[in-house]
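What follows are several structures.
Shared between the two complexes below is chain A, which has chain B as its partner in the first and chain C in the second.
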Partner chain A sequence: MATEDARYRSSSQYRVWSYSPARLQELRASTNALAKQQIAPHLPADPAPDFVTAEEELRLVQWATVELLRAGEFLGIPTEIRATAAIFFRRFYVTNSVMTYAPTELLKTSLFFACKAENHHMSLGELSSKLQGTTAEQILAGEFLLCQGMRFCFDVHHPFRALEGAILELRRQAPHEEERIRQAHVRTREILKFSPLMTDVYFHYTPSQIMMAALQMVDAGFVDMLIPGSGSGDDTATAAYTQMRDRIMGAIANCRTMLEEEPPSRLTEFWITPMKPLRRKLQKCRDPARLDLVAYQRSKREEALNKEKKDANIADDDVFGGGGSARDTKRRKVDAVEDPFGPAL
Partner chain B sequence: MPRETQAEENFTLDRCPACGRMRYLNHDMEFRVSTICYHAICTVCIRNNFHQGPSKCPIMSCGKTLRTKDFKKAWFQDLGIQREVDIRRRVATVFNKVEEDFQDLDSYNAYLEDVECLTDDLVNGDDDKKKLAELKLQQWEAEHRAEIERNRRLANESEATRRKRMAAEEALAQQRRELEIQEEAEEKLKERKFREEMLDSLQQGEQGKANEAVNKILLKKRGQHKKDVAMEAAGAPALSIRGLVDKKRTAAVVDEGPYDPFMGLDLLPTRVDVSKERLAQYDNDTLKKVKMDDAWKAGGYSAEEYLSRALFEAFAGLGVFVDEEMGERGVSTQGAAQAAATGVTGGKMDID
Partner chain C sequence: MAVSPVVTELSRPATELRAAASPLRSLASGQASSNGTPKPVGALRKNMGGNPPSLDLAEQMNEDEKRKWVKGKKLGEGTYAVVFLGHLRDDPSTLVAIKKMKKVSKDYEEGMSHDAIREVKHLQELQHDNIIALRSVFSSKDQNLNLVLEFLPLGDLEILIKGDQQRKIPGVRYGAADIKAWMGMLTRAVWFCHENFVLHRDIKPNNLLIAANGELKLADFGLARGFADPYQYMTANVITRWYRPPELLFGAKHYSGAVDIWSVGTIFAEIVLRNAYLPGGTELEQVKLICEAIGTPTEDNWPGVTKLRDYAVPSTNPVRGKAYYERTFEILGPEGADLLMRTLTLNPNRRITAKEMLQHSYWLAQPQPTRKEDLPRKAGGEETMGADLKRRPGVVEEDRGSRIARKLDFGAG
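Right after this comes the complex of A and B.
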C-alpha cells in the first residue's frame, strides 16, 4: 500500500467525514426524520405542518452554499478558506436539519470559523460590520453548535494544493505545452472553486481524485499523462498496477459525473432556480425555540446559572454526608452531564 | 454531666467537659485531644487524672483507658476531620505501595480502591466493620512488615540507587535460591543415609540406637506439624492484592530500538520521486520568485518543502475508495446496502 494512501487514511476527513453515497443518504433521511419528530410538538397541529423533505433540505443547503461562497468573495476571503467554510457548513447539515438551525445564520458562522481554523485573521467586528444587519452576537451564537456538528474536525483537505502539484508535474513532463497547461490550470481551478463544494464529492472521494476528475473535465489527456497506463508486460506487478489504475479511473469517472451536475457557471446562474417557494415553506416549519439563536443561547446560559445557584443552596451536610451516606456521595454519578461531542453520528 | 456525643464536643469549648472549669475564668486554659477516643479535655485534668499512670477517660460515657502520651494538640478544629486524618496517615504508612509495584494501571487502581474501602470502613463504618478493618490492617502490617519498611525507605530513594539496589536484591535472591537447592540436596542425601542407618540398626537389633532413631523421627514430625498449623492460620480471610509486578519478569529489559514517533509509518511518497535532483526540475512563477529573492527564504521558507508537499498531495489518497471502504460502515437497511453496491459498480451515482 502506498504511503500516500496510508497517510490520507489517518486524516479526520477520511475517518469521520467519508461516507458511501447510500450511508450519506441514510444519514440525511434520519436527520430529517429526527428534526420533524422534535419540531412537530412545537407547531400548531390544526393545519398539519408541512415539513421540508430531505431532498428539499439538500437543495436549501446548496442554495445557502452559493450564498456562502458569494459572501466569502465579497469579504475578500481567500479561495481555500471559502472552501473550508463551505465544507464546514455542509458537514454541519449532515447531522443537523435546516429546520432546526437557520442556514442563513450558520453560513456567517462558518465563514468566521473557517477564518479562525485556517489562521486567516478576520476580526468579529470587521465581519459583522461588513455583513449588513448582522451583529457579532449572532455570528458567535452558532459557533459551538457548528464545531459540535462537525465533530471538531477542523482540518479539511482540499484539492487545490494537489492541483498545484499536478500542474508542476505536467510542466516537467511536457515543457513545450506551456499554454495548454496554463489554460487547463485556470479552468480546473475554476471548477474546484465551485463544483466540489456544491456536490457531495468531498464526502465520497479523496482530494486527489476530485482534482483528477476536474482536470479530466478540462483536458482528459493530462490525467492520462499523470497516471500513465502500464507498458506491455504481463508479470504480476504490471497486472496489479493495471487493475489499480482501472479502479482509480473508475472512481475519477464517477466523481466527474457528480461534478458535472454543478458546473462553475452555476455560481452566477443559480438565481434562475426559483428558491423563494422553498424558503417560504421552510419558514413555516422551523423550530420556534431556535428561531433566534442568540435568545436561545442566552436562555440556556441563564438556565445553567440558575441550576448552579440551586446547587449552592444545598446544605453542607447533604453534600458531605452526615455519616452513613458518605459512601453514596462519593459515588455520585457524573454521566448526567451532556456529552460535549454531541450524540452519536 | 450531660451526655454529649463526640461530634458535639470541640476542643475550643469554653468549658472543660471533665472538670467543668470555664475558659472565661481561666484564660490560660488549654485543651488536648486523646488519640484513642477523641475527647478533648483541659491540660489540668490530664495532669490530675493521668500523671500516676493509665486511667479511665474522665468523660463518663467513654470508659476507655488512656495515658498521658495519648493526648496531643489537635491540628484541626473539627475533631472528626482530625480523626480521619490520623487514620488516613496510619493506613498510608501501612499500605505504601507505589504504581511501579503493579503490572498495569487497572490492578493499581483496584489496590487503591481496596485501600480506600478499608479506610472508609475505619472512618465511617459501624463497629463490626471497624473491627474487621482494624483486624485486616493489623494482620497486613504484621505479615508485611519487611516490605512496608522497604517501601518506606524506597520512597526516599532516588531512581538510580533504586535500580542498583533492585539488581543487588535480585543477585542476593539468586544466591539464596542456589543455597536452598544445595541445602535441599544435602538434606535429601542425609535423610537417605539416616534411613538406611536406621533400618540397619533396627535390623541389627541394637536397642539404644533404634530408640534414638525413632525419637529423631518424632521430633521431625512435630516440626512439620507446627508448620502445618502456621499454614492453616495463614489461610484465614486476609487481604490479598492482585496484579503485583513479577520481579523476575521485569528484570529482562526488551530492547525496542530507537523511538519512532510515526509508529512505523513510512512518510516517503511512493508515487512521485521527491529526491533533491528531481525537485530541481520543477518550476513555476512562485518558485522563480523564491529563487530570485533571498527575502523569501530568510524566514525559513523552503521551496523543496512546498514542492514535495504539493506533489505528495497530488497523488495522496488516489488509491482510497471511500464508497467501498466505508460501504460496510453502518449501512443498516438492505435497500441502502443495495444502493451502495450499485453505486460502486454503476457509473451513475444515486445522489441528490
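Right after this comes the complex of A and C.
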C-alpha cells in the first residue's frame, strides 16, 4: 500500500461521500424536486403548497445540526462521536428531504447510531430517557432509513487526529513557542468541533486539509511552518515541489473560506430565533404519510411480515433460535459488566 | 436535572391534509450508476403504467445498487443470516455471496446489531487481496441488510487443516512451502488491518476463507474495531478462546494489534501440528495451557502483568526457548521457529508486530512459499461458504463466571 493519499482514496469518505460543489448542489436539487413531486398530491391544492426550496432545506439541516451538537454535548457524548453523528446526519439529507423525514427526529437517530458505530456505550433506554419526550421507538424508527441514506458507510474520518499530529510536530519544530502552540491547539479544536460540521467541507476536502484550514484561521504562521516553502533553487524537483505546495495551499484557502462562513461563535449567537418562520413553513409542506415515523415503520414491517408469511419461510429461527440468542444475551451482559460506566470522557 | 436541549416539534398546523398514504404516487425512475458513485437524478421522468411507487433519491440509489446483482440459489441459512449465491447482472461470471442479515427480534431491541455495524463499517474501508471484499451493500424491501461479498468457494483454513468431519472429508496434505504461503497471506491481511488502524479481534482458522484462485482471505469483522484513543477502555471479551492472548485472559482494558498477532501465532502452530495448539476448555484451562506450553507470565518476563485485573496463574514455568520451538515445529526450520516464538511472546509490548513479521527472514529462507494457484485445495466449498457466513459474525462464547472461578481457584493454589 502506497501513500497516505492512496489510503484515503480507498476510504468510503472519498469513494462514496466526496463530491464537487456543483454535484452536491445537483443532488440536493434532485432530492428537493423529488420530495415536492411526491408530497404535492397529498396536500391541499388550493392554495398551492408552499414547499421549502433546496437552499432552505440546507439551512434547516444546518440549524438541526446545531441542535444535534447541543444534544450530543448534553448527553455527554465525546466530541468525535458528536462529529460522526453530525456527518451521518448531513449525509442523510443529501438524498433525503427534510419535508419527508423530520430533522428533529433523525438527529436523535444519528446520535444513537454514531454511538454504536464508534463503540460508545449508550443504550437506547438511556438515550430516550435523557431526551425529553422521546421514546426508544422513535429513535429506532429512523435507523434503517439513516443507514440507507448514508449508503451504509459508517466510518468517518475527522480532522481531530490530524490536529494532534500537527501539534506534536509543531512542538518538535518550535519548542520555545509552547504558549502560542497551546493556544492554537485549543482554538483550532474549537473550530473543528463546529465549523466543518456546519459547512460542506467534509464533502470536498480531506481531514488534513480541513485541519490545516482551521489552523490557518487561528495562526497562519504555523501552517507555513508545517508546509514550508521550497526556498531558493530552480531545479525541477524544486519546481515540482512549489507547484504541489501551491495546489495544497489553494485547497486550504478555499476550505478556509467555507469554514469562515460558520465560525464557532455562531453556535451560541444566532440560530434559534430567525429560524422559526422557516420551520413553520416546513411544517406546512411535510409529507403527511411520514409525519409519524413510528407508525410508518410499523406499517412497513407488517407489510414485510405478511409477505414473508406468504413465502412460508419462517422455520429456521425456531430451529436455531434458542441457543444462539441465549448465548448472545449472555454476551451482552458480559459487555455491560465489563464497562459499567462506559469509556472515560 | 437539566432539561434536554433537543427542540420539540412546533405545534402542527391545522391544515387539512389530503388522504394520507396514497398508493399511486408519481414515479421517478432511477438511473443506474456505473461505479457506485451516486449519480444525480436529472430527469424526473414520469412513468405511466402503475409500476413501483415513487422513490426518494436515497431509495433510488439503493435500487440501483440492488439491481446490479442477481440473487441465485440459497447456500445456507442460520439464525442471523441467509446466504445466497449471486452474480453481477452485467457479468454472470462474477460470482458473489449475498449475505442477507436477519433481524432476530430479540436482538433487535437496540436496532441494528453491533456485529452487523462493525462488519459493514470495516469491510467498506479495507480493500486488500487477503481480506474478503465487500462489493456492495443494499437493503431489501423488508428493510434487511444485504452484504454482497466476493464468492470464496474453497472452504476455510480449518477444513484444510482438519477436514470436514460432518461431510467426512479428510484434511488436505500440505508441506512447509504451503504453510509459508498461507502464513504470508494471513500476515499481510493482519498487517493491512493494523496499518489502517483496525483490530480484527477474532482471527481463527474458520475465519480464513479460501478463494477460487487459492488466495486466503480474512473474513468476519463482526468483532473488529478501530484502534482506541489512548485513554479509551476496550472490552477484553473478544477473540475465540483458543486464540486469545494472555493479556485479554487477564482482563486488560487497553491493548493493541498484539492481540491479533497472538492469534496468528496460535494458528501458525496449529497448521504445523494439524491440531489446535492451545485448546483450552475454559478460560481457566486456557491460562494453564499457555503457562505450560509457552511459559508463565510473571513480572520478570512481563513487567506489570500482575497488576492486570484478572491475573492469576496456576504454576510458574520458565518461558520456552528457541530450542523448544525448533524441535516441536521442526518443519518450519530455524527461521520459522524463531518467527513463531516471537508471535507467541507473552508480553504484548515485546511481541512482534505485523510489520516486523513481514520483514522476518523466514520468508526469504528455503523453501519458497507455494504459488497460490498451486496450493493444495478442497473441491466444492459452496456449502462451506454458506456455513461460514451464516454464523453470527463475531460471537465469542462463554461468560465471565469462568474468569471469576479461575481467580478463586488459582488464588487458593
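What we mean here is this: the second predicted complex is superposed on the first by the 302 of 345 C-alpha atoms of A that agree within 3 Å, B and C clash if a C-alpha of one lies under 4 Å from a C-alpha of the other, contacts with A are read in each partner's own complex, and residues count from 1 in each chain.
Everything that follows uses one rule, which is that a contact is a pair of C-beta atoms (placed from the backbone, for glycine too) under 8 Å apart; a residue touches a chain by one contact, two chains touch by 3 or more.
Note that the coordinates shown come from a computational prediction; the quantities given were computed from them, not determined experimentally.
Chemist: So in the superposed three-chain picture, is A:R247 touching just chain B, just chain C, both, or none of them (first/second/both/neither)?
Modeler: Touch status of A:R247: first partner only.
Chemist: Pick one for A:R172: touches chain B only (first), chain C only (second), both, or neither.
Modeler: The answer is first: A:R172 touches chain B but not chain C.
Chemist: Given the touch rule stated above, what does A:N96 touch, chain B (first), chain C (second), both, or neither?
Modeler: In the superposed model, A:N96 contacts chain C only, not chain B.
Chemist: Give one of first, second, both or neither to describe whether A:E261 is in contact with chain B, with chain C, with both, or with none.
Modeler: The answer is first: A:E261 touches chain B but not chain C.
Chemist: Taking the superposition as given, does A:A237 touch the first partner, chain B, the second, chain C, both, or neither?
Modeler: A:A237 contacts neither chain B nor chain C.
Chemist: With the two complexes superposed on chain A, say which partner A:H204 touches: chain B (first), chain C (second), both, or neither.
Modeler: A:H204: touches chain B, not chain C.
Chemist: Just checking: does A:T3 make contact with chain B only, chain C only, both, or neither of them? Give me first, second, both or neither.
Modeler: After superposing on A, A:T3 lies in contact with chain B but is clear of chain C.
Chemist: Looking at A:R23, would you say it contacts chain B, chain C, both, or neither? Reply first, second, both or neither.
Modeler: So A:R23 meets both chain B and chain C here.
Chemist: Have a look and say if chain B or chain C is in touch with more residues of chain A.
Modeler: Per-residue touch count on chain A favours C.
Chemist: Would you tell me the residues on chain A in contact with chain B in one complex that are also in contact with chain C in the other?
Modeler: 1, 7, 10, 23, 26, 324, 327, 330.
Chemist: If we count contacts the way the header does, which residues on chain A are in touch with chain B in the complex?
Modeler: 1-10, 14, 18-26, 55, 58, 157, 161-169, 171-172, 199-200, 203-209, 211-212, 226-227, 244, 247-248, 251, 253-254, 257-258, 261, 323-324, 326-327, 330
Chemist: Help me check something: in the complex, which residues belonging to chain A touch chain C?
Modeler: Listed in rising order, the residues of chain A that touch chain C are 1, 7, 10-12, 15-16, 23, 26-27, 29-31, 33-35, 37-38, 41-44, 67, 70-71, 74, 92, 95-97, 100, 102, 104, 107-108, 112-113, 116-117, 119, 123-124, 130-134, 140, 143-145, 147-149, 151-155, 276, 279-280, 283-284, 288-289, 291, 299-301, 304, 307-308, 316-317, 320-321, 324-325, 327-331, 333-335, 337-339, 343-344.
Chemist: Flag every residue of chain B that touches chain A in the complex, lowest number first.
Modeler: Within the complex, chain B contacts chain A at residues 120, 124, 265-272, 281-284, 307, 309-327, 329-333, 336-340, 343, 347-352.
Chemist: Per the contact definition, I'd like the list of chain C residues that touch chain A in the complex.
Modeler: 2-10, 12-13, 15-22, 25-26, 28, 36-38, 40-42, 44, 54-59, 61-62, 77-80, 102, 104, 106-107, 109-112, 114, 117, 120-122, 124-125, 127-128, 137-139, 141-143, 145, 192, 195-196, 225-226, 228, 231-237, 392, 395-397, 399-400
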